[in-house]
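Two complexes are shown next, each including subunit A; its partner changes from subunit B in the first to subunit C in the second.
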Partner chain A sequence: MRKVSRLGSEARLGWALVSPALAVIALIAIFPLGWTFWESLHLHELRMPWLGKPFIGLANYVEIAKDPRFWAALGHTAFFTVVSISLELLIGLFLALAMNRVFRGRGFVRAAVLVPWAIPTVVAALLWRFIFESQGGILNALLVDAGILNQPMVWFIEASTAWVPVILADVWKTTPFVALLLLAGLQNIDLSLYEAAAVDGANAWWQLRHITLPLLKPAILVTLIFRTLDGFRVFDLIYVLTGGGPGTSTEPVALYTFNALLQNLRFGYGSALSVVIFAITFGLALFYVRGLGVRLGGEE
Partner chain B sequence: MPSNRTRRSGGGGWGRWSFAGALLLLMLFTLFPFYWAAVASFISDADLFRDPTLIPRHLIFDHYRALFTERDFITPIRNSLVVAGTTTLFCLIVGTLAAYALARIDFRGKAPIMAFVLAVTMFPQISIVSPLYLLLRSLHLIDTYPGLIMPYMTFAMPLTVWVLTGSIRQIPKDLEEAAHVDGATRRQSFARILLPLAVPSLATTGILTFIYCWNEFLFALSFTLGPERQTVPVAIALFRGQYQVPWGEILAAAVVATAPVAAMVLVFQRRIVQGLTAGAVKG
Partner chain C sequence: MQLNPGIRVELQRTPDDASQRHQLYVQWLNARVGNPSILQLDVVWTPEFAAAGWVLSLDRYGPAKSEFFPATMAANTWAGKLYALPWFADVGLLYRRTDLVPREPRTLEELVSDAHSAMSRRGGPRYGIVSQGARYEGLITGFVEYLGAFGGRIIDDKGAVVVNRPEAVRALEFMRDELYRWHVAPLDVLTWHEEEARFAFQNGNAAFMRNWPYPVAAMSDTVQSKVAGKFAVSPMPASGTAPAGHSTAALGGAQLAINAYAEFPDAAYKLIAYLTAPEQMLERAQAVGQYPTRPALYDDARLKRGIAIPLDNARRAIESATPRPVTPIYTELSEILQIELHRALVRQAEPREALDAAAAKINALIERTGMRKLMAGSSSASGT
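Presenting the complex of A and B:
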């Protein structure tokens, strides 16, 4: 009897302590989400206040479905996400394996890779834009000196070349994070497995394929979730590096939505775009968790 | 073979050299943009794009001087400090209570709460820009400090709760349990035992939250109108010159904005890595 009442008061204390944080999150994150949806069912042009704010049902969503710029933006986002994450996983895995070894300068490597992760994305984007900028820029000078290019290139004039700095910058900035997550996974692997394999004469490649990668799968999947969702909301990087250009040929969905909202002040339509992005992200997360059985941390 | 964390560092000459070579290339790739930005911030705008060389011929300090005299870069720095500092402090206070409950008290609904918190850290910021803008506009909070601090809570609060919970769980419970056996109340064991032990956790979490706030761009861009309230990332991204992009000043500003964060990361490297990965890879 006493035990039950003690547990009851514990539970009350637990909820009491958690509720301020939950209230803040609900009030400023969840409530606005509902509002976005409500907004998306209206025609709401801040530029044309005389139109009022009539309810138009799903008309904004119908417009999205027929909007070529939206579909192009979705394509850009998917392309950016897939290419950059593939590179980041590959390089990140190498870095993680490297940092899991003992060698002189390991501390330095760890510190060095963490800095790009910690600086503002805006700054990272500017550093890379500066490297690729202008025909007289440093990259062109280096590539011409090395004989790789015959003459300087204008990187930002075509979509195909404008993607190069965008993806390089993202790889540069986020690979450390990927490597750290994978490293944490590596450190959970029981070393005796490798010793047993070595005794049986298995070489390093066999060990990587049959021990490391299978046991690292949970960490890889967690990394994939985080990075996919990050990739789908990419904004800062492209806003600064290409502004979505040339034209709108590198524009991702978040940037298109931002432009609809704060450049064109189309709040109804922009909100509908926001809802679509949210739905896609949510669907992706659900796919990873349900479909691939990713288990996120936080268990006791 | 030593059986601690050393993973076969032997592996023959060829393997070792290609490993070292690849690592060296990666380090070059990582460090080059910093090197070049730092160097170029001391080169005159006229020389920046005229046959640049990796080792500069002539250094000047004009860009740094211009940054603080002609351009007033102090204002965005102050704005960033106020907004990121206030957000971090508030999140730490409210977040500590929640994290304590989630890490130490047994009650139903804990797992869903953790899942909810994690889900919120992952949802796209852009999806709430429109209502927050309308809300802040109707409250006349566009272009004010509260008008940034409030939106920042949306990602800072779940981040703080998540990282702090993971971190507190790693602190051994024995002392608190002993105190409870001796008749201490939860309030006492929290204030006198856990809190002092959790100072490093609080510091790590605070640093992480601060870095995320310091770096934030989308909200700061959406909810400010001019240089008065712009944060550092927005100010740098929107730097305009009279005739051309003022690259020298942009790079000087980048160095100024990056140096404190980089220093913090280098000093607290180990703790930051622990904080980042504590919650994420445990399952």
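Presenting the complex of A and C:
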């Protein structure tokens, strides 16, 4: 369809048919985004009506760039994302390989693995909070009984130890999801490749490196893209477990934004933060799709 | 209401969680909703709502201001005008195990040594002093009490930020030393809210507790409490080493104000006047144990049935109550302080450094929100 004249009635019909879908996308995605961006160019503090709602250009973005708490939050988010996804991929791959074997009760195991994933994040976070609680927490009781600790430890008052329950909870909850995505990828691999490799004398490690991992790459990349975007938006888990503390040393950008927008009701500044988060996740998605060639559609 | 048969009152439920309720109010008022016509405000919200023009000044109705505790009036005054009447008072109290510490400590230093000797007794409690030190508003209420005990303030009468002055640094150092130097407060309190402190005290694990009046009832119940009949309540003491220090209690409680968009403000005021009348306060104290905001009632024998602690102690505590900073930007100011105090108490920063950072951020907040101009307009930005 290089020539306009060939567009013709068929193309117009095509546009007409997709227009409801486009309208819905515009309404639920583009319009709120545009509005948020417009809002972000204003000084708009819901609790301070005396300030009015003046247009201030990019001043909110300048404030973000100058705010050390924002940069720290960005660092925490990146740290959380990288550490938890690395662990999830490693453990998830191991689980997927195990579940891909033919054994009795395979269906049961596959269903059982999904249980943590099925638990709402807030509930899971509360469970982990109970486990790590200093008084009467199960973990402290176990560690003291085993003689590893002399007295119960307060996990949530030091940054280094406060991250432990956060990352563990995320790994515990999300690894099953990763494992299932990878399992789906594994099942697409033609078994005859392994047979041929075995005939040629390749051992299991060689098969993993030269058959499984290359052919699993699309599944791994899809998993990465999902998990990275999720990781960057992490909110509920940390909100419940540490509240961003001690101080603000486990605060992710989403929690910082929530605070600005919904606690302090700074609509202009909070909107600017939302736009920044959007830009970052969009950039990451673009990087995965363009840079690493993740195929989200079905075109092979 | 039988006194005013022409007025029909409708109750509207709001979230119990203070910050959720606040958020809801702000949304309503931004949309200029006139319902409910009476708003129940937390003690630190009144200036914010007044400066925003969301509640009406009550001065036109001429309420008898002198009949209420002065601290409650100060907290509800903005730019020289009264915007809400105190419905009931909440006040920070020091709970003490009378079987372990027979005499009320007269100074903070005595409090620490009493706690220490109670802990080192055979079979003594695990903790000396428990309180709420998680990073939330409760931490500020505790800090305000230590701050007053050392003669410090957050914002002075002229509106200058003084939270990094030496008195304040000493107060914060004292709080930190209770944790790491004298070991009378467990590190756990840095993650605790009111309820965790109550559990610890109620189960007999602490010699002292800083809390509000509400736990008295549950802790006096022999079925669930191990300390029933074995505790007493008094005001938080002042430091014995700070000449300007004075016994200080954080002031909390509910205020009643008139929605600026209300259709019938005069009728609303009649209801507020009724709810804050002496008879009503006595009834509320008896029914739900809430503390009256009128000092005269503490001489009334009928109050004894509602208030489980000696009336004189209750009155002394409220008289030593200090509002948190009375300013429209309180919530954000509090957030800054919460973070910096918590950083100092978990030893991410030295107290001096943390308070300097807090002062710088509060000053920037005052600049950003145009408060200098607003405060110049208001004669007294009082409070701690």
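In this text, the second predicted complex is superposed on the first by the 268 of 300 C-alpha atoms of A that agree within 3 Å, B and C clash if a C-alpha of one lies under 4 Å from a C-alpha of the other, contacts with A are read in each partner's own complex, and residues count from 1 in each chain.
In this text, a contact is a pair of C-beta atoms (placed from the backbone, for glycine too) under 8 Å apart; a residue touches a chain by one contact, two chains touch by 3 or more.
Small disclaimer: the values here were computed from a predicted structure and weren't measured.
Asker: When the two structures are overlaid on chain A, which partner does A:Asp190 contact: first (subunit B), second (subunit C), both, or neither?
Answerer: Touch status of A:Asp190: no partner.
Asker: Which partner does A:Ser249 contact after superposing on A: first (subunit B), second (subunit C), both, neither?
Answerer: A:Ser249 contacts subunit C only, not subunit B.
Asker: Could you look at A:Ala111 and tell me whether it touches subunit B, subunit C, both or neither (first, second, both, neither)?
Answerer: It touches subunit B, and subunit C stays clear.
Asker: Quick one: is A:Ser134 in contact with subunit B, with subunit C, with both, or with neither? Answer first, second, both or neither.
Answerer: So A:Ser134 meets both subunit B and subunit C here.
Asker: Just subunit B (first), just subunit C (second), both, or neither: which does A:Tyr239 touch?
Answerer: In the superposed model, A:Tyr239 contacts subunit B only, not subunit C.
Asker: With both complexes superposed on chain A, which partner does A:Leu262 reach: first (subunit B), second (subunit C), both or neither?
Answerer: Touch partners of A:Leu262: subunit B and subunit C.
Asker: Which partner, subunit B or subunit C, touches the larger number of subunit A residues?
Answerer: On the superposition, B touches more of the residues of subunit A.
Asker: Return the residues of subunit A at which the contacts from subunit B and from subunit C coincide.
Answerer: Subunit A residues touching both partners: 134-135, 262.
Asker: Would you mind writing out the residues of subunit A in touch with subunit C in their complex?
Answerer: 45-51, 134-135, 154, 156-159, 243-249, 259, 262-265
Asker: Which stretch or stretches of subunit C touch subunit A in the complex?
Answerer: Residue list for subunit C touching subunit A: 19, 23, 26-27, 30, 48, 51-53, 134-136, 187-188, 190-191, 196, 200, 328-329, 331-332, 335, 339, 342-343, 346, 348-349, 369-370, 374.
Asker: Give the list of subunit A residues in touch with subunit B in this complex.
Answerer: That would be residues 7, 10-11, 13-15, 17-18, 20-22, 24-25, 28-30, 32-33, 35-36, 39, 91, 94-95, 97-98, 100-103, 109-124, 126-128, 130-131, 133-138, 141-142, 172, 177, 180-181, 183-185, 187-188, 191, 194-195, 198, 204, 218-219, 222, 225-226, 229, 232-233, 235-236, 239-240, 254, 257-258, 261-262, 267, 270-271, 274-275, 277-278, 281-282, 285, 294-300 of subunit A.
Asker: Can you tell me which positions in subunit B touch subunit A when the two form their complex?
Answerer: For subunit B paired with subunit A, touching residues are 1, 3, 5-9, 11, 15, 19, 22-23, 26-27, 29-31, 33-34, 36-37, 40, 48-54, 94-95, 97-98, 100-102, 105-111, 113-120, 122-135, 150-151, 153-154, 157-158, 161-162, 165-166, 169, 186, 211, 214-215, 217-218, 221-222, 232-234, 236-237, 245, 247, 250-251, 254, 257-258, 261-262, 264-266, 269, 272-273, 276-283.
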